[in-house]
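Take a look at the following structure, please.
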């Protein structure tokens, strides 16, 4: 596999966008291996993901951003440039439930996720041994009503000190403050154990059982200031029946949660997500 | 296929239920071909569906209910007895959208549904020709703010006069009055174009698009006094993406609606549904 | 909705393809509303679908093909140009089973398929009435061992005389001759009632039941000279259990067949399919 | 949770089976909490799973089998009696791929599987560290063309010495000898990385890519003398597209394999499987 550059961009829709971006790459002798774009006709928004090989590209990787900047400016683009050999640094936040954490750690150790899992942070110490088994530093930062602010500061310190790119709430079960959320826009991924917007908030499997639904779901989303209302990245569901008690729903739901969260993290690390408004474009 | 009898029963859970019901059938030389039961341990409710061949059964079909009644009384059962050669009579209520109606009519004509579709009732006349093509009487009963009550009375007249067993709201788009609903308990099946409880009420595909969900769904449920909150019979979902505009969601959703509604109607006609509390047990 | 032009093209992968095609549209003042491409790195094949508004485009629609031809020639492209207001003409071939035919006819009548269903051809006369109910000419061309060739000639005559674009085998149950197939490359769509390549050939639901599978499926594919082996357009599956007898599988399968075939026809009519090698690229 | 007894039985269909088994439990004051049965009308086979609470049951658990034996004999039943507090002993066989092994070990450590994973056996030593991290003994038994028989003997020694109940082939990639298979009937569970019977044998994802399928699947089955042809326990599929290269299929397939294998193991440990002929009845 050769190293690639990936441009993710969004802007007001206008003529010439595709032509101009592809011309930039072609004239510098780049070989495009993936390109995907979408026009939201209703909102008149254009989003694009374009990936090309660095090998043989005329512009040095350090200078690509500078060279592209005038085009971006002309079209008033929001844009990011990423390279396939960059490895994001992840912090995993958990409470007591281990399944999402186990799944992420195992994927990381098998090389499925192009990332470094730098640390695990929890408000409980139940999962310290699991982190230790996988050789990942574990930080136990308990929460009491009086220490909520101090605990969040400590979490933020750890995240900033370790230069974390992505914060994964792997069933963290705590509501982050607006300040915390604002500090990491589109960088906090949460897994909620329902097909949102149904059953937001606490105990979604109990709510689902009470309502007698025939499907349960899981939703991975970016965290925003409004609880369980951020841009949705991935969702999936399983069929259930009257035979499924609340513990059965919890058991079946765990498999959904693991798969949906891992998929969202994978898409984010692979630079396949663009957020605009309260929606996520997934280039898969 | 031989004719069969089917017992559907629910009661407080207690010892000896399975033994007593199966003894009743066995001692009268009945051959059980399907039996399924469920105990809701939390609510302490027992529900059962048991189906046996009439051929060779010692009790005449007219007298089975009388003979079983003492057992039912002893255990304080809610129960129904049905025979496989009974054909339910259906009224289909529609507004302007034809897809669910077409689907039901085609299934009926192909013999997929063991039923008679006796009439179609609509508050618009758009689908009169479709009903006519299938040879089903069509009743146009328009609604204005002033005539809402009178129109409902006319609908009820038609239903009662035609001795209708099951009322299918195939995208009827009208909210029935509490009196109407109360008159046909567990006999009105509605299709709602979302995975309830998400996006109850009006324009669910617009709501889904606005929220940026990655799955859409459809829900068939019995109608109760509370809007879109009755016992759920069947649900299914489809994956969607940022590429799907509201018209795309509507288009994809139509296939879900057709399949989910047909499945619910089929389960009901096949005597596979028991409602208790606000939940539906589906013996499939 | 404005009228659009859609280019579908495939060629050996090479630098400058995206840039050149988008430049052609941009320099003629076209507004691209969808563009999607794919590079098969293994086979070194590039495929693209690009759709733009005719409104405001500098080249008259009659002259677009001529103007684009030099670019196509330079890159040795296979290509097609389509306009969104063109309506394909469809022939539906059936035997005795009605479900796929009903589904296609209903979609056509509801305006879901941008097409004209010009005629229905069958080797049996069972479905003549259904076609008649929908106002579509029905041609009964029976087959005996002695008349197979003559019957096929008669089918081809009808297809050619009615200027048919797409031939849909809606459970036709007859194997077409190599000559027939060769005459309509990538223009014959078949629905096979299994998830191919499992259970090719006759009686797939019986095969599935015998094998004890836990999922059944349906496959829509372009017909080629090799039975059930052409490029796959769409597939879907349903879960089944030990409770499902062969008739149950047939019943459940019908819903899959309808949905998968309709999806394939819709994708084809919407100019979203490109075939290369024995594979289908689906731009959805 | 109270301790329960579970009877799993199959026999030729005959009148009085349900009545007699339920009478046995009722007359001894047992409280049935789950009962499910199925009659295969075609093969005239009756299968049943019935579970009741030991608490309050008149017969001591050691004597239940003896007391039930006369009934079983009268109806010529195949039957097993299990108690919910028995923990099966599992051996996991792997080669080089870790995902199914990680998944099973994590589930076991989280208490999801009511079992003891007694040992891991592999023909390679790649996964020794993973087993060690989870505190499970790892046995490296390499295979060369000359040592195949000796290696299998060593595996069987380990299995017999550790009194293993269930052998899980978690991507073991080796074909077991007929003698090995015959020694553990319905006790060896394999995961095959396709929706069988499609793509049996080697490199199913390569076969799937070559064929251009739009779904991939995974199948868990009991191992029999015929390769990939044993009774199917569980299957699931994922949708794929032309964008998915072979490595993408492998990546997506891993999630299917993990989930389907875990589901099969869970069903087996929970005494929910009955095999007859070449089929598996799943009481879920």
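By letter and in written order, the chains are A, B, C and D; residue numbering begins at 1 in each of them.
Assume a residue touches a chain if its C-beta (ideal position, glycine included) is under 8 Å from a C-beta of that chain, and two chains touch if they have at least 3 such contacts.
Nothing here was measured: the structure is a model prediction, and the numbers come from that model.
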Give me the chains shared as neighbours by subunit C and subunit D.
A, B
Compute the centre of every chain as the mean of its C-alpha atoms, then state which one is farthest from the centre of subunit C.
D
Just send me the rotation angle from a CA overlay of subunit A on subunit B, rounded to the nearest 5 degrees.
180
When the centre of a chain is set as the mean of its C-alpha atoms, what distance in Å lies between subunit A and subunit B?
41
For subunit A versus subunit C, what separation do you get between their C-alpha means, in angstrom?
37
Would you mind listing the residues of subunit D that make contact with two or more other chains?
41, 243
Which residues of subunit B touch subunit D once you look at their complex with the stated criterion?
15-16, 18-20, 22-23, 25-27, 29-37, 39, 41, 239
Which of the residues in subunit B come into contact with subunit C in the complex?
98-99, 102-103, 106, 109-110, 112, 130, 133-134, 243, 251, 254-255, 259, 262, 284
Give the list of subunit A residues in touch with subunit B in this complex.
38, 40-42, 195-199, 211-215, 217, 231-237, 241-243, 245, 277-282
